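Across the two complexes that follow, chain A remains constant while its partner is chain B and subsequently chain C.
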Partner chain A sequence: MAEPVLSVQNLVTRFHTADGVVRAVDGVSFDLMPGGSLGIVGESGCGKSVTHLSFLGLIPQPPGKIEGGKALFKGKNLLAMKPGELRKVRGNDIAVIFQDPMTSLNPVLKISLQMTEGMMIHKGASRAEAEARALELLRAVGIPSPEKRFHDYPHQFSGGMRQRVMIAMALMCEPAALIADEPTTALDVTIQAQILELIQKMRKETGVAVILITHDLGVVASVCEDILVMYAGRVVESAATGPLFARPLHPYTFSLLRSIPRLDAERKERLFSIPGLPPDLIHNPPGCNFNPRCPFAVKRCFSEEPPLTEIEPGRKVACWVDIESKKERAT
Partner chain B sequence: MLRYVARRLLTAIPVLWIIVTITFFMMRLAPGGPFSRERVMPIEVQKMIEERYHLDEPLVKQYFRYMGNLLRGDLGPSFRYKDRSVNEILAAGLPTTLQLGSLALLFALLVGIPAGCLAAFRQNSAVDYAAMSFSMVGVSVPNFVVLSTLIYFFAVKLKILTVSGWGRWDQMICPVVALGLMYSAYIARLSRAGMLEVIRQDFIRTARAKGLPERLVIIRHSIKAGLLPVVSFLGPAGAAILTGSLIIETISGVPGIGREFVNSALNRDYTLTIGTVILYSGFLIIFNLAVDIVYAFLDPRIVYE
Partner chain C sequence: MTNDNEKTRAAADIQPVKGTSLWKDAWRRLLKNRMAVAGGALLILIACAAILAPALTPYAFDEIHLSDGNHPPSREYPLGADHLGRDLLTRILYGGRVSLAVGIVATFVSIIIGVSYGAAAGYLGGRADNIMMRFVDILYGLPFMFLVILMMVIFHNAPAEKKLYLLFIGLGAVQWLTMSRITRGQTLSIKTKEYILAARTSGAGVFRIISRHVIPNLLGPVIVYATLTVPAVMLEEAFLSFLGLGVQAPMASWGSLASDGRQSLDTYPWQMIFPGLALAITLFSLNFLGDGLRDALDPQMKDQK
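For the complex of A and B:
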């Protein structure tokens, strides 16, 4: 089996705030294969974004602190790198697309400058070379007549067009990995589908491995081969997309899938929602983080934290209970 | 853009006219006149003087006479300085005041912007606290205290600089620093706040995620937007600083027009007061226009039609 392009192992990130220590990321591990696509799913504040911001050195320190784990990119630990070394990885080997294209592009600088500056720094490219590459990518992401729009400012583009520019900008240095952090959340539904299709197309054409971070299960289902479900700073389930949707093993995944509206449901039926709120990450409950909201919880769930265990080949889950038999799993 | 500038300059004309009219009548409402003295003048002498300056005419007639002269660019004779016209007085003092003012403004920018930026990028560090304490002092200590202290230490004690006068660098440093210090303190606070606002924005995270060196993140991605508050402050501040200061000019013996802003009003020197008011309003109008133009250059989202 090929080496993963990015391997995160047991990452722990905490924020030391006046109210207490926030366990934003609490032992997250995953592997991203070359050319692969991994979806990280979870609700707001579960640590999806902090995970990638941590190993890219983009969380504010202090109050943030990476307290453990490794993030191996092509065998080198990003967490042990000096800021200057890590800077050379960012944008060059690992690129990021952020959620809101309205605010993620600098409003006072031309698109041409914002697109080319990274390549000129990382690859030592001349302005002409970088501009040629930028125009080629703008065409590839579907900006009509890019030569005319190249020297425009971000506010002259629509939201969808801006996200296309962001994608093109991220691909400038031919990165090995692309992290798309909620790339469609701020966009219209019709544009969302186009942007997801575009990410898929660029992945196939350039072979870039993609991590797609989202709270929308529908988004990962259509794009990702593997899925990581996060809850309250921890990975609760990881599996290939098909099996995960067909047969969720963690009560949280199970509840999430039940709360998706279905076209074939009875009209009188109420949409399912998970009762309660996620913990605030300063005062985590003892045992499993999900226990206050879990319909399957047994006694053990309130005292011992379940480890992420491989239950079947390629399927990991962090739960004491086998939700199909509703019985505690034998260990 | 050119049409916009032309329109703004045209609208300045009625604004100036309103200001002049209000000043003209308000000055007349103030008790006393340019020739009121404690010692009573012989009635004949007073009559002669009033006739000479047309003070015996009805107020409305005086107003139209003044406006007529003003349209020809004549600000009239000074009521206080015999045989000197307001034009002469302003022309004699203005270059010095402008020199003092622009040096003070330059000082304020060169100290304030780097101090504010440094404080923002090292927020809650010793540098930040030092810069903000300095600016707190700069804002609260009156400029005559600053000036007297500077003169006392550098001119009287250390004898590096000169106590008063204008023209050589050793005479200019004290008044320039004393006049500019308060502005540099304001500019430091504004640029710190502006930069802090900008560096929290998503696009700064994008710039870092692109792997740009911190130098480019600051210079290229933050400064333009971060200094917009400073630019807007420079409209009114520029007009105020360039028209000088009575206190600084008096203490340092600078032959400028800053002192006329106060003295002419106290002396009821009607024409000279209006002259200084026109000058100040003119600066204000031009500076605010300049600020708007600079804004459009800094922020492409602003378009004037």
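For the complex of A and C:
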């Protein structure tokens, strides 16, 4: 098996606030293979974004603090790097696309300036070289007549177009990994599909490994090979996409899948929603974080935290309950 | 499907919508504001007159005609003459050069110091911000006018041109404090914007983010405050010159001319009225232009009124 481009091991990030210690990321591990695609799924506030912001050195410190773990990028630990070294990685080896293309582009600078900036910083490229590359990428992401649009301001583009610009911008330095943090959340559904298709296309063409962070299981299903399900700062299940959808093993994954509207559902059937709210991460419940909302919880769930255990090759789950046997009883 | 997309895109391309930039929009709104346009036009006129002074009057600014001392306004002396028989119009035009230059240069100094200081404090945040802003607070506490006066007294014997530079620096040093506070406040809100995070993720350094991403977004409020700083500085210069601490004879500024005229206000009132009028008109124009710019760059604020 090839070496992973990015290997995060046991990452722990905490925020020391006046109200207490927020355990935003609590022992997250994953491997991203070269050219691979990994989906990180979870509700708002479960630590998806903090995970990548942590190893890129972008969480505000203080109050944030990375308290443990490693993030190996091509064998080098990002967490041990000095800010200056890390800056050379950001945008150059690992690029990020953010959720809202409306606010991620600087409104007062032409996109030509914003796109070329990174390549000129990292690669020492001349303006002409960077502009040529930018035009080529704009064409690749489907901006019509890029020469004309190149010197426009962000507000002259629509939301979908801006996200295309963001993707082109992220790929400027030929990064080894691309982190897309909810890239489609702010876009409407038809544009969402186009953007996902584009990310897929660019992945195939450039061989960049993609981490797709989202709360939408539908999004990861179409794009990612592997999926990581997070809940309250922990990984509760990780598996290849097919098996995960076919046979979810963690009650949370199971509930998430049940709460997706289906076309073939009975008309009278009400859409399932997970009862309760996620814990506030300062006062985690004892035992498993999911226990207050879990339909299958047993006694042990309230006292002991389940470790993430490999139950079959490539499949890990953190649960005490043998969900397969319980599922029939619940449904 | 991709083909279809490209077709519709190509169709949409035939008639591209002409986008208007933020600045074009602001410019359009500014042109609608009559007072601001009038103010701007007057300012251009005054500035041109000051620059073209040698071509506009037959006299030199220090040309003395003792026999025509205190001559009232007439054909030879359109605005009268002072006690040494120097043409007042000439002196006002040349004095305008000094007054306008002080206003512009000191404002420029205050922008350079204030904006970089404020943006740095705001962007760095935390302890750096705290220390930098407490320093500003301390300077605020000092009676700065007193400092400028002290400076002028200490360098009493310096040559006249050097004194003028001192005046620029002194007045600029007073004005940058407020500028840095305004800039810092704006920076605090700008730095939470996602495009700053995006710039950080793309590996831009602190200096680059401040200069390329923060400061261009600050320009609106800075321009507005600058147009309001120019009259404030000019007024301070006039005040200093009035006290005899600013521009020294034979050079003139509007403040020093008004000060000279004050001594004979009862008998030869034009000697004070005309320089005062020149100063007042300029200040009014600047204020109207500044208000107009503020409304043009921040249209929401105007609607709230």
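Here is the rule we use: the second predicted complex is superposed on the first by the 326 of 331 C-alpha atoms of A that agree within 3 Å, B and C clash if a C-alpha of one lies under 4 Å from a C-alpha of the other, contacts with A are read in each partner's own complex, and residues count from 1 in each chain.
Throughout what follows, a residue touches a chain if its C-beta (ideal position, glycine included) is under 8 Å from a C-beta of that chain, and two chains touch if they have at least 3 such contacts.
A quick note: this is a predicted structure, and the numbers were derived from the prediction, not measured.
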Report task. Label the relationship between chain B and chain C on chain A in the superposed model as either fit or clash. Result -> clash
Query raised in the report: Counting residues of chain A in contact, which comes out ahead: chain B or chain C?
Result: C
Query raised in the report: Touching A:Arg203, do we find chain B (first), chain C (second), both, or neither?
Result: neither
Report task. Based on the superposed arrangement, let me know which partner A:Pro144 touches: chain B (first), chain C (second), both, or neither? Result -> second
Report task. Would you sort A:Arg14 into first (chain B), second (chain C), both or neither based on which partner it touches? Result -> neither
Query raised in the report: Between chain B (first) and chain C (second), which, if any, makes contact with A:Glu117: first, second, both or neither?
Result: both
Query raised in the report: Is A:Val108 touching the first partner chain B, the second partner chain C, both, or neither of them?
Result: both
Query raised in the report: Touching A:Phe98 in the superposition: chain B (first), chain C (second), both, neither?
Result: both
Query raised in the report: Any idea which of 4-12, 22-30, 40-48 or 58-66 of chain B is the one running into chain C?
Result: 4-12
Query raised in the report: Do any residues of chain A touch both chain B and chain C, and if so, which are they?
Result: 56, 58, 87-92, 95-96, 98, 100, 103-109, 113, 117-118, 121-122, 153, 155, 166, 169
Query - Residues of chain B that touch chain A when the two form their complex - result: 201-203, 205-213, 216, 220-221, 224-225, 298-301
**Report entry** Touching residues (chain side chain C, partner chain A) in the complex
**Finding:** 5-6, 9-10, 12-13, 16, 19, 21-22, 193-195, 197-205, 208, 212-213, 216-217, 219
Query raised in the report: Within the complex, which stretch of chain A touches chain B?
Result: 56, 58, 87-92, 95-96, 98, 100, 103-109, 113, 117-118, 121-122, 153, 155, 166, 169
Query raised in the report: Can you name the residues of chain A that touch chain C in the complex?
Result: 56, 58, 87-92, 95-96, 98-100, 103-109, 113, 117-118, 121-122, 142, 144-145, 148, 152-153, 155-156, 166, 169, 194
